[in-house]
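Common to both upcoming complexes is subunit A, partnered first by subunit B, then by subunit C.
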Partner chain A sequence: MTQVSMRVDGVTYTDEVEPRTLLVHHLREALGKVGTVVGCDTSNCGACTVHLDGQAVKSCTVFAVQADGAEVTTIEGIGSAGDLHPVQKAFHEMHGLQCGYCTPGMIMASIDLLKENPNPSETEVREGIEGNLCRCTGYQNIVRAVQQAAGEMAGRSDTLGAQA
Partner chain B sequence: MIPAPFEYARPTTVDEALQAVAAGGEDVKIMAGGQSLIPVMRLRLAAPSTVVDLGRVAEMRGVREDGDALVIGAMTTHAEVLTDPLIAQHAKLIAEATETVADRQTRRRGTFGGALAHADPAGDLPAVALALDAEMVIAGPNGRRTVPASEFFVDYLTTALDEGEILVEIRVPKLAGEWGVRYEKFNRVAQAWSIVAVAAAVRRENGHIAEARIGLTNMGPTPLRASATEAALSGAAASADAVAAAARSAAEGTSPSSDLNAQADYREHLAQVLTRRAVAAAAGL
Partner chain C sequence: MTVTEDPAAAEVAPEREIGKARRRKEDARLITGRTTWTDNMVLPGMLHLAVVRSPVAHGKITNVDVSAALEAPGVVAVYTGRDLADEQGSIPCAWPVTADMVNPGHPSIAVEEVNHVGEAVAVIVARSRSAAADAIELVDVDYDLLPPVLDMEQAVKGEADLCHDHIESNTAYHFVFDAGEAGTGGDTEQAFADADVVVSRRFVNQRLIPAFMEPRSVVVQPQGDNFTMWSATQIPHVLRVMLAMVTGVPEHKLRVVAPDVGGGFGGKLQVNPEEVIALLIARRLGKPVKWTETRSESLMAAHHGRDQIQYIDVASDREGNVKGLRVRILADMGAYLRLITPGVPALGAFMFPGIYKFPAYRFECDGIFTNKVPTDAYRGAGRPEATFAVERIMDELAVELGMDPLELRRKNWIQAQEFPFTTVAGLEYDSGDYDAATQQALELLGYQELREEQRRRRESNDPVQLGIGFSTFTEMCGLAPSRVLGSLSYGAGGWETASIRMLPTGKVEVVTGSTPHGQGHETAWSQLVADQLGVPFEDVEVLHGDTAVSHKGMDTYGSRSLVVGGTAVVKAADKVIEKARKVAAHLLEANEDDLEFSAGKFTVRGTPGTALSIQEIALAVFAAHNYPEDIEPSIDADATFDPVNFSFPHGTHVCAMEVDTETGFVKIRKYACVDDVGTIVNPLIVEGQVHGGLAQGIAQALYEEAVYDADGNLTTGTFVDYLVPSAADLPHFDTGNTVHVAPGNPIGAKGVGEAGCIASTPAVVNAALDAVRHLGVRDIRMPLTPERVWRAIHQGGDGGDRATAGTNAYGGASTESTAGVSTPASSLGGDL
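This part shows the complex of A and B:
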């Protein structure tokens, strides 16, 4: 067992883990952060995306020991029921989900994209979330949600009007 | 699935890493970004007894200039490569190919050196390293040695790295003169692995092509140079017709596989088409 200490959604946790423990399993099973889900378990689908020191990563493809000393942000740490993150709000308003299983990862990847590119074109959104798979929506409303969130975060309200 | 149990070592210097690798015995695996190794361990296709994690070896990270070469630390992530000003200035072909590797999240963790040492024939960076005549700087128990890319890729998933050795940095000669570059890749939308891809760097002089370097991805168990096309382009007119004629020999000397994605003859066809497109774009045509 190896001792790891990490700050997750603002709280510091110190635990003993087996080196083979994947970060996503540590988050869910040891820390109870079940908002982050396991989708494909093959590094393809991106449902398990979290931020590691501010960067989006697939937490099924990181060992918990690699996150020792790091700052981890999960979907549970970006907003609350009464105060949603603009990207959460946009997914809600634009119906950017059906079953919702890919949504935590979609939102965490989208926040990472918008930090790098605050005003992405439709193509840039599609490329920016290429590491996240949705089997329900055909991506249309997801892309609209990300663009709406970009507008809101930049203080604009006309993003979709301009596009339509 | 959960990987099989292993011992974990996290060195902070190259010397410590070499010691950890030596102490790990025969069944040791070196982990760079882990974006290929962890999936393989999860499938239990690999079950090393020891994993040496290079993630904290700061001296293996970053890009610097050394005279006529760029020196890229093996642990420099794909995301770092994409935003590095030296690479943008002197090795744009690396950035073009890196942009097509996997996805945003994977590029945050995956590393330039890790991708080269993994030597997957469908990976994008080996063919680029080969086209640019890069050199691999390898640290081992008896010091360092340098191996040219043309001798580094030995076979499917196999490199010139010996037991106990670590790829620490990659030296990439700066392109001197008027070079254009292009990475042309053909892949399924749902998978970023190349079915075939072509890395081209072309130097133009007085309306002619003075020199072309062409690396082929996934046209055999190792990356290959399209030598016949390179020879045909040397001194050729910088015209679409001349490029098309030269590209017809792009698959000469290759040995592509047949698999679910493509038959070998289809790959040969792709190599010709993608070479024509890549060279034409690199030559500004």
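This part shows the complex of A and C:
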């Protein structure tokens, strides 16, 4: 067992972990951060995407020990019911989710995408979230949501109309 | 209670909820990660299960040695099939489609024989998930290998190896529908004998995997002689009944809960072996247990869908008037019959004639056992297969006749004024206008411009050719009239139930037997009730998916929720109003017949200003100080709705496809569709359902196939190989609607869950073929991988036959001869 300490959604946790423990399992099973989910075992689906020191990572491809000393942000740490992140709000407004299982990872990946490219075209959104699979929506409303959020985050209200 | 006197307020009708693009109530918890997925559940003392699975497709189990696993740290127990043989029963099959159907039985854990790779052979019980997983490889199972049966066309020949040696053949059943015999059409053989033109094709509708995003998971908690099961299921109610029948746990001692469920698409319409195993082990140990699958397990062991070989013949005169349709299919059951495995192709039997007025029709289906995971429901279940076949053969007939494919369709489809129309398959189509939907779809696509561009590319011999493909489809939805299900030998009815509880504070609880897993029932049902009872949308709470709360139901599949379950909600609301009317009459000191109910209020005709809201009446009967003597003090009500007919959504889907003739790469240039799903309760949800269906239907055409190698190993066993499309793999969809209300239910809804998935696949394939027909291509095997497209263009055939073994383009072992790929000797080799 190895001791790891990380700050997750603003709270510092120190735990003993097996070196093989994946970050996603540490988050879910040791810290109770079950908002982040597991969708595959080959790092294809992106359902487990979180931010590690501000960068989107698939938390199934990171060992918990690699996150020692890091700042981790999960879907539970970006907004709350009364104070949604613009990307969360846009997924709701644009009907960018159905079953919602891919949604935490999709939102975390989208936030990262918008940090890199604050005003992405439809194609850039599609390519930017390529690492996250959704089986319900056909992606169209997710793309709309990301563009809508881009507009709101840039203080514009006409983004969707201009680009859709 | 107050009597309001505000005539202005009473006269202004609130905006109707039906038709409004309400944002979903469900979203709040899903976008913030405050979810209740089954795998999130942690109970005190909970043990974790891991399943040891067969690495061989077919073999006798000669020994299972669990001793090393039992010594492993954290392992509490290990169970083999033999340990549970006396109590595990057989996974139920609810749909014996013929009286003489052969069911080989389906143990949850194999006892003597394994029949597909991934079949459970032992279960580890351990203190942690990882301890259980670690012990899997310590279980030593010996197998006497048997030859795997993988190819349906081989499996039905004489002298074929048998999938199950205790039954006589690999055929589970032979199902026939003959319109001549049924009295719904003419003599099919005569129609073909008399026809000017006959076109025959063999289509392969490949095996697919539902691939819901949330892996299956189940938690069982024993409490005395009671058990609570949480499961990622579409069917908590059906599951409860079936588990009681299979395991002998009395139904009233078993509660099943479907908490947040991450998609299903038919893939969670099942009584899973792992659910039975979890219940049995929780009973044995008296401890809570959890099993959650990995994605690789899911792809390998959860049921698959589709997998038919279709031989289809169409007869016509020279002018393009169709005269007959003859269909024979081989439907792959896989190794066992699960809940509705045999019924899926039989459900499709009635949809092969599509929207066309065939005067004669004969359908024959053989359900075939192979050493693969069982097939069962997957979005559309039988109807996509049928729609694919008929929409593909109509294009082939058009080519044969030298006709425009749309002109041929128009010539033969049911005209708007002919509804209700009884088809050659005996179904009564309810309403629609195929021409209107088609016109609208062509406009959405920009049809003329694209045809013009196609001509230019053709003339200039452009390496990238353009094609346009159609699918003018209908489907039977709203499963289902119970009497019809009975006539098809299905084991249950198709009704749905709902209850409405009027709470003292005026809030409303709606209990539905329809169990959502992403569809948005909580929002749509709230809209229905808000309109019906005249209460605010926000005042309605929808409860579902827990047999202790919603004590009966038929759950969610077959585009049935709104049509059947929504109607039950509306009818329960009507009963609430009728019960409230008696109380209102009493309190308003008026005659019941003089009361009007509108916008949530009872008013007395001819007495302006006197009004009593239904929410006030709820409080009045709670207090129960003053109510009529001859009634009970309650206005709660429940209703069960059993439809008398299916509903028949329809639509026209048009795909424009670019095909790079040099690389075989295909790209959807534009996709437009117009669907008629009857009344639209929430346009946002309807559009979302269409999008999702399109993605899955297009994925069948272009990307997905469950491939088995010649030894029966699933070679598409991860998301690296099984190509669920990403955002970058799919186009923008242009969608529209026509609305012809369904006459069979008071909402007028037809169902939307499966439309996109059923319609899109043939439109995409027809488009690709339209691009390269002039190069001599007649067919391309799905999925249309670049390799297959390139081979079809440059080497002839459908491109599927000569693909390299082990590649995704290789559909060989599942459908074709394995000669040259693997010898019988090599298929039995290895050291497993």
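In this text, the second predicted complex is superposed on the first by the 163 of 164 C-alpha atoms of A that agree within 3 Å, B and C clash if a C-alpha of one lies under 4 Å from a C-alpha of the other, contacts with A are read in each partner's own complex, and residues count from 1 in each chain.
Just so we're on the same page, a contact is a pair of C-beta atoms (placed from the backbone, for glycine too) under 8 Å apart; a residue touches a chain by one contact, two chains touch by 3 or more.
For clarity, every value in this text was computed on a predicted model and none was experimentally measured.
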Partner contacting more residues of subunit A (subunit B vs subunit C): C
Partner chain in contact with A:T42 - subunit B first, subunit C second, else both or neither: both
Contacts of A:L22 with subunit B and subunit C, given as first, second, both or neither: first
Contacts of A:T103 with subunit B and subunit C, given as first, second, both or neither: second
Those residues of subunit A which subunit B touches in one complex and subunit C touches in the other: 18, 20, 25, 41-42, 129-133
Subunit A - residues contacting subunit B, complex: 2, 18-22, 25, 41-43, 46, 49, 52, 55-58, 60-63, 65-66, 109, 112-113, 128-133
Residue ranges of subunit A in contact with subunit C within the complex: 18, 20, 25, 28-29, 33-42, 44-45, 47, 74-76, 79-81, 84, 88, 91-93, 95, 97-104, 107, 122, 125-127, 129-143
Complex interface listing, subunit C residues touching subunit A: 23-24, 26-35, 37, 39-40, 129-130, 211-215, 260-263, 265, 294-296, 517-520, 684-685, 687-689, 691-696, 718-720, 724, 726-728, 730, 732-733, 756
Subunit B residues within the subunit A interface of the complex: 1-8, 10, 34-35, 38-39, 41-43, 51, 53, 55, 79, 102-106, 108-109, 190, 192
